[in-house]
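Two complexes, one shared chain (chain A), two partners (chain B, chain C).
And now, the complex of A and B:
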């Protein structure tokens, strides 16, 4: 009896969770122009999407921002983690870690609006650079959080051993520390990458006119109502997300310490 | 690394994008016309029925969303934790959080809109189309939909961490199933519930895109107010004031829902 209740409950919940997503994808293949009734199979909306040069340039912009920001955030975050790990005083490390986490716990509207003030005060014009800098900024803390635990579990005498055997500091770093950290660096990079792709609110604040990412474009189109080109785009993004999830599970299969659930939330 | 220069970008980031923005948003909120009280914006906020009503509304919405999330998620987490396929089921629950939130909101525009599928279905039953989109109901429904995984996961983790011998002990000592649940399982999984409330309540106060897309302009939350002040009416002073208040509320919520001081983990036998 209990088993039946729990099974029915979970099936019902999962159906509700997935129904809107599949519904969205299904209508990407609709011949008609709205999400009311399915009027027959057609790839027309995908064709429209691929011939929409504006949309393609937005996709390229989005990917460019995601790759650049996650790459730079990974490098800066790696050294941030090395710095925090080196601190001898536990109190200092805790202070730096709390400051590190501020952007992870702040609501997106707060990050977006305070960055907007920052760029304006600096006289920085809004556009590609402001979006890129913002994405780097909100991705650094997650990279640090991914690399730091691995660093702390590293046996530091390995570095001494390398140096005793004649390696220079840089050689010891490149040949000992980096390979050991590599899985966590990759996870950090990957998280930063998906944060950047997922972000809407921060970008929306700092983007100004003339530069758009996918999320901002989806938002402004969705405000106009239903347009099945967005469904076609969603279908592609869904496929892409599935690939990302598979990569993520391959990366983290070894150390399942935290789970990424949505942007900015690690549980 | 001896060469300290490599840490420089990290320090620069911390100063420029963590510390300075916090200061800037506060300074902006007290940056008023010369001659005015520096807390002018705060006085305006707390003496205006519009702002106070908006804050209260925002709270009520967040409260309702959190309540429904909890109501739906606790049994779900409990059932999943007791299932043979728990890790696969929890993966299925997390998966939708990887889909961009805007796309999920957009799906609901299709579902709830005037010529959308819910209304088509009602039409088949001979019921005239109803206004579903841009209502309080649609906003609460979609926000709950989006937040449920964030509530299930921490509760699931805390149920998994529960020492199963406590449950057996309680049953051996003659407690009924319901007593075991209310006296043992629920108190010992409160940590997960607290984390869940934190991760759901705060975004519910601040997700402005949902209120815009699903709630129309009828639902205004603290997040919507900030966005509007910054990007539409260009009243940054007031926008920052609302922002500072949101941050204070956030800190208060984390403080209220965090663990009561150093209580011993375990079951109080005297009870």
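And now, the complex of A and C:
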């Protein structure tokens, strides 16, 4: 009985979460021009989307910003975490960590508007660079927060052992610390990536001069009723993420199997 | 370490690829035209096919940028750093830009086809003798209503909006000038009045309308009316024709007592670097066939009288979209107010908005 209730509950939750998305995707195939009523099946909006070079350019810009900002933020965040971890004084480490957390919890609107003020005071023109810089800035705390716990978890005598065996400090870092941190570095990267991809508030303040990301573009369309091209795009993005997740799932299943086989051989 | 370097290399590779694609997308257009023409216009306010045609005929590359309010356009042009060759502001904004010396004076010798424009649309108060601007589209402010309303409730004058039957049924467009103007016209005053007493009266008049107001909204009015969210709305003719396209039960009227007549005109900002191209564009848009194609696409009324024979029957036969000369006489054009009165209009409207909530 309990099992049935929990299953029903789960299905109910999933339906509520996914229903709006599927509703959105359904209308991507609408023959009509708005979300008012479904008038018949058509691929017209996908055709519009692919011939709309401005929209494609916006999607590419969004991806570029996400990849580059999360890459750079991961590198900076990694060194930030190493720095905090290496601090001798517990108090100093706590202060740095709190400063890091403040950035994480402060509302995007405040971060965005302060960046806008900063850029205009410096006379920095708004566009690709301003968006990239601010995305890097708000991604760093996330990366630090992902990497630091793993780093603190690490048994520091592993480094000593490596150095005892003749490794230089750089070699110890490359061969011991980095491989140990790799999972958390990847998590940090993907967290930063998703944050950047769907950030609206900060981006809204620092875009300009014809440069736009997807979230800002969708918002500016929303005032006049969203073009169904956006639905078509959402359908594609949803499909893409679904495929990526399936691939990821298949890969991990295979990895687990191969690990088991490996162990078996050793025994 | 090696693994991480490989990851980084892959990511940089993808980024490089995306950069390249982005460049490629924006490139072919650049090769086509030897000179570019930058048009700064309202969103979706020019048939994209006409841009293609213009690029083809005159061998320019058109860059089309959009704004969503006259004020946004104004500050961008004034700030400098841009080089728009063509902009399409509304009437009062043209007067303002003119007084701030942001516009180039038009050389009439370089313009062909100005005679296609109807007399009623030229030489308006905001730009005497059309020294700076050429009419692009024009329209009115009026009432959109649901034809299914009981016959005695069908509005044909502003006064009918005050009908107690319409409790919480009216949508108003969120524009201080237009709604204050509506109230002023209802009381028989000018929409450009600077008489404090008349403005106070207009505000009081609006307060009495407050119980009937369902909401004061911006562009969403189109969506709401198309979805039958309200039976009555006060909005512009262009919006109205889109609503009527989507919802057959809706109709639009311009009260006989008078209304605002607005213009969006083509101007050449001071910042223009391709003035020859700007004149080419003006002449291109003055050609009757092009003007008609644009009007058919946008659904607004063209001031180009020669174009009328090419316009959809549904549009041209609509007396509210193309009113008679007689009705045109009753329409008033907004004039630029000074800062003090802009604020006064806005403040009074804001007070009204707070009451109606």
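The definition used in the following text is that the second predicted complex is superposed on the first by the 220 of 267 C-alpha atoms of A that agree within 3 Å, B and C clash if a C-alpha of one lies under 4 Å from a C-alpha of the other, contacts with A are read in each partner's own complex, and residues count from 1 in each chain.
Basically, a contact is a pair of C-beta atoms (placed from the backbone, for glycine too) under 8 Å apart; a residue touches a chain by one contact, two chains touch by 3 or more.
Just so you know, these numbers come straight off a predicted model, no measurement behind them.
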In the overlaid three-chain picture, which partner chain does A:119 touch, first (chain B) or second (chain C), both, or neither? neither
Touch check for A:83: first (chain B), second (chain C), both, or neither? first
Does chain B (first) or chain C (second) touch A:46, or do both, or does neither? neither
Please tell me which partner, chain B or chain C, touches more residues of chain A. B
Would you sort A:100 into first (chain B), second (chain C), both or neither based on which partner it touches? first
In the superposed arrangement, does A:205 touch chain B (first), chain C (second), both or neither? first
Touching A:64 in the superposition: chain B (first), chain C (second), both, neither? second
Is A:29 touching anything from chain B or chain C once the two structures are fitted on A? First, second, both or neither. neither
Touch test for A:182: chain B only (first), chain C only (second), both, or neither? second
So which positions on chain A get touched by both chain B and chain C? 34, 36, 223, 225
Residues of chain A touching chain C in their complex? 34, 36, 53, 56-57, 60-61, 63-64, 67-68, 71, 174-175, 178-179, 182, 185, 210, 220, 223-225
Within their complex, state which residues of chain C touch chain A. 1, 3-4, 8, 11-12, 14-15, 18-19, 21-22, 25-26, 43-44, 65, 68, 218-220, 222-223, 226-227, 246
Tell me, which parts of chain B touch chain A in their complex? 1-2, 6-7, 9-10, 13-14, 16-22, 24-25, 28, 72, 75-76, 79-80, 82-83, 89, 92-111, 113, 115-117, 119-120, 145, 148-150, 153-154, 157, 195, 199, 202-203, 205-206, 208-209, 212-213, 223, 226-227, 230-231, 236, 239-240, 243, 246-247, 250
Which of the residues in chain A end up touching chain B in this complex? 6, 9-10, 13-14, 16-18, 20-21, 23-24, 27, 34-37, 75-77, 79-80, 82-83, 96, 99-100, 102-103, 105-118, 121, 133, 136-137, 140, 169, 173, 194, 197-198, 200-201, 204-205, 214-215, 218-219, 222-223, 225-226, 230-231, 234, 237-238, 241, 244-245, 259-262, 265, 267
